[in-house]
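So, here's a batch of structures to check.
Each of the next two complexes has chain A plus one more chain, namely chain B in the first and chain C in the second.
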Partner chain A sequence: MTQLSVPKWLLLPAALGALLVAVPILAMALSVDWSNFSSLVTSEASTDALWLSLRTASVSTLLCLLFGIPLAAVLARTAGTAATLLRSLVLLPLVLPPVVGGIALIQAFGRRGLLGSTLDVLGLQVAFSTTAVVIAQTFVAMPFLVISLEGALRAAGTRYEDIAATLGAGPTTVFRRVTLPLALPGLVSGTILAFARCLGEFGATITFAGSLQGTTRTLPLEIYLQREGDPRAAVALSLVLVAVAVIVIGLTRTRRYSLTAGTP
Partner chain B sequence: MSFLRTNHHSYAVRSWSAVAGLLLLAACGIGAGADADTNSTARQQSSASTPDRTLTVFAAASLQKPFTQIGKDFESAHPGVTVRFSFGGSSGLVTQLSDGAPADVLATANEATMDQATAADLVSGQPTPFVSNTLQIVVPQDNPVGISSLTDLTKPAAKVVVCAPAVPCGAATLAVERAAGIDLKPASEEQSVTDVLGKVRSGQADAGLVYLTDVAGAAGDVKGIDFPEAKAAVNTYPIARLRDARDAALATQFMAAVTGPQGQDVLKAAGFAAP
Partner chain C sequence: MSPTLVLDLTVAARDVAIALTVAQGETLALLGPNGAGKSTVLAAAAGLLRPDSGTVRLGDHTLSDHQTRTWVPPHARRIALLAQDARLFPHLSALDNVAFGPRSQGQPKRTAHEAAARWLEEVGMTAYARRRPHELSGGQAQKVAIARALATEPAALLVDEPLSALDVEVAPDVRDLLRRVTSDLTTVIVTHDALDAALLSDRVAVMHAGRVVEHGETGRVLSRPTSDFGARFAGLNLVRGVTSGGALRMPDGRLLHGIAESDLGQDGGPVAAVVAPSAVSIHLEATHGSPRNSLAASVVDLEPHGPTVRVRTDLLSADITPAAVAELRLARGNRVVLSVKATEVHLHRA
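Right after this comes the complex of A and B.
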């Protein structure tokens, strides 16, 4: 084992912190009714919820990338009051309780909201649709992508970009071939964080999109509902969600190492 | 080097002040708790003859307004007594109690959930029915799709929101659907009756099924429409003393206040009917 490079007194609070997370998860795993586990998690309601969650979280993550990459680039390469204000605004969903986000979304996209009638004219019915779930997830998850990518872009600096520009590369070429590859580890971890946040989204969804099996009832909503009817199913499904989260975190770690290994 | 050091120093100062800020916040939280303690001590001193007593009541969400009122009346009739409420979905409350939440009295929104509490050996004695509640159709004030009966809820244009079958109001909804011989296609099955009301109140939904008392509580924003099939699902609310009650005598007194004439008046004013 290598020499510890941290003061020894840090170990106790570090261990307590780890236990605070580990004990509840372990306790939940121990309380699972394993003999009925497969029937509990493979009921139609459960699989509907799982697939809906995976589908909506994937689409929402794509939307986060579509809007979040340009936002992060703008924020990382500009300074001044306007940039600070824009950053505070974009990161606002990080500090808002999701239910507040849901209420705000109703005021904007709801049937009687600011944009509701315009959307109606366009033939878009957002209320109680899967689209509403995707909007809610994108709203709460995008800041995670923006914050990680902006940090990576700032850390990478502008040296290579400047050199590429002096060598005759246009702004788009520089962005595509220099800026993004340098910030790739940040982009990947930001994407995975955003996906995980989409998967766990609850408050904004139940407030804004409602709860209907196969349409708007994602896995967290199904777990919350099962708590009322069949607590054993709620525990079993929670474990499924933990498993998905663990896979996602594992993905971040392995990817980050391979990427940093490949970066000069 | 010295530049670096100052930089480090100011960074450290900043992080420590952040930590100090957090600790201060935490202290405020603790302080608030301590405040409550001082209050009760003060109360105890002011009425030295009667010792300070606290009663904890777990009650269905629909009881929030009348029970808060009954609690206030009870406190003024019993000096030195503090009544604390936890309002929530009935099944959720029973789950909390079986997980060991400390409480003296339980009032649920239907008999099925009280039966669960009895089966889990949480209740002491026989639960007493004290009010009943029926479903009503709720529509926004302007009734955009012109709902006037239960069958109107099956109109394709109507966005209807109901409770999920797992919660008491959803079970009642299923019962009236069966009685009317219709099959609702809701846009959403909500977790609680207040969520249904909220979606109708905000105009997100065109109609919903909630309790009469919920409509009464939101008068002005929404309209209630009676329907004959509602008789198929009259919810009776039982109240019971809990086996682990710390103050059994006080719990019994509170139950008497709820079932007594004064409590019944408050409940009737909120839209509840006799059991």
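Right after this comes the complex of A and C.
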């Protein structure tokens, strides 16, 4: 046991905070109807929803990486009013109620939206499709990746990048071989946060993509629906979502330690 | 042959304005206190900082020219930079750190690793090839950093306070290595330590508040500085000669006994002795029965130096009190005997 280096009185509120998280999870686990658990979570609607959630969250996380890494790099290495404005814009979904995000997405990509008619001409129907689920998840989850990676990039600074440049490495090589590896812990935790946010997305999805089984009804939507019809199924599915989240965090934690061994 | 490096530039934000030329294969020491603008000059030479005006040229290539708006980015300059802290990439092994430059220049992985292994051997770090930077001591890391810089086969080398972050026990070792690898390379070494300048450079430029206040051959600048600042800041005796039985044999055949910080090598090899003027005392006659170096010399000049008087002779300078000057009735042209404890004479390979 390491020596406690915080004031003792902090322990009480810290314990209360931990309980606030632990008690509801425990209560849920205790209330699960274990005898019917497997039939509850393996119904067609449930497996459809779980599978859709995993697929869309994975694709959305990839999109978050594709757009979020460049955004974080630009924000971390620029200063000035333009950068501040861009940062506020990118982080907006973080403070916006997801349902508002969903409405904004409809106004942009919906049939009668700003880009809807253009997409229509191209034969693309975004609203109420799986694509809409992915767009909604990417919209709400990307700021988590950007904020976490930008912090890591700023903390790493340009000291190593400067040296890499004097060793003959062009900007792309520096970014790939120095900048990103040094910010890897931030990138990994940002990716976990983004994936978890995608997996839990509800408000923007139901607003923008609707709730069609197998197409747009992800696990959180299924749970919300089941809560009305079959509360036992809702509890069982909730526990599945908790399990998936725990597995993701557990996997990436072990991986994270092995990757960052050697970073001071 | 490593090309000539010409720096003629100003950086307004740091109030730096200098004009320096480093000849082919020469090592120039940029000597000055912290905040004199030395690192700014290096950053401008490396291309990490854009000068407000002026030019940087390396051989026939113009690297930056304010008027023609020429700007070669750092990675295309072929100028390597050694930082104060080794700054090895923490996520790469020592070998991969050294291979980074060759890899960035487009060499295949195998060739780059072979080159890296050769350079690690050159700096005596082969046994540490697989280590990560956090498993290396300061001196070891600095040696790997030297190998990493040289593996890029740079046209010029910039070195920023290479020894200041190292323990006193390992500094001589790294200094020896630097002296060896920079002998044919056009090099600028920034330092605030006159000893580094004495042992590593062919010429010294003393910087003060963003300007070069003194510039010349190393031995001359350190022992006979012409500027007030140079005298105050540099002021070291540098004697060159060859090694002879653990001592330094001067060109006139006399011996200077001292202590060697590292192996001096075989008899006849070049060595340099560094002596602080405050360690030199002056007598009118030879002192007997002491373990000191006792050397005849004649007084060249006397000048005030803070609370003491710096007596310049044709051999060493000495800092003594005004009372001692009066007592000895010193004047230009006097024959005197200089004495220095052997423990105050630092011998190094040169």
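To be clear about the criterion, the second predicted complex is superposed on the first by the 261 of 264 C-alpha atoms of A that agree within 3 Å, B and C clash if a C-alpha of one lies under 4 Å from a C-alpha of the other, contacts with A are read in each partner's own complex, and residues count from 1 in each chain.
Just so we're on the same page, contacts are C-beta pairs under 8 Å (C-beta built on N, C-alpha and C of every residue); 3 or more make two chains touch, one makes a residue touch a chain.
A quick note: this is a predicted structure, and the numbers were derived from the prediction, not measured.
By the touch criterion stated above, A:154 is placed in contact with neither chain B nor chain C. Of the two partner chains placed by the overlay, neither chain B nor chain C lies in contact with A:55. Judged by the touch definition given at the top, the superposed model places A:225 against chain B, while chain C stays out of reach. Once the two complexes are overlaid on the shared chain, A:181 sits against chain C while remaining clear of chain B. With both structures placed on the common chain, the touch criterion links A:110 to chain B but leaves chain C unconnected. Within the complex formed with chain A, the residues of chain B that make contact are 89, 91-92, 95, 159, 161, 164-167, 186-191, 195, 199, 202-205.
Chain contact summary for the complex, chain C toward chain A: residues 46-48, 73-81, 83, 87, 89-91, 100-101, 104-105, 132-134, 148-149, 152, 158. For chain A in complex with chain B, the touching residues are 106, 110-112, 127-128, 206, 209-213, 216-217, 224-231.
In the complex of the two chains, the chain A residues touching chain C come out as 159-160, 162-171, 173-174, 177-178, 181-182, 184, 261-264.
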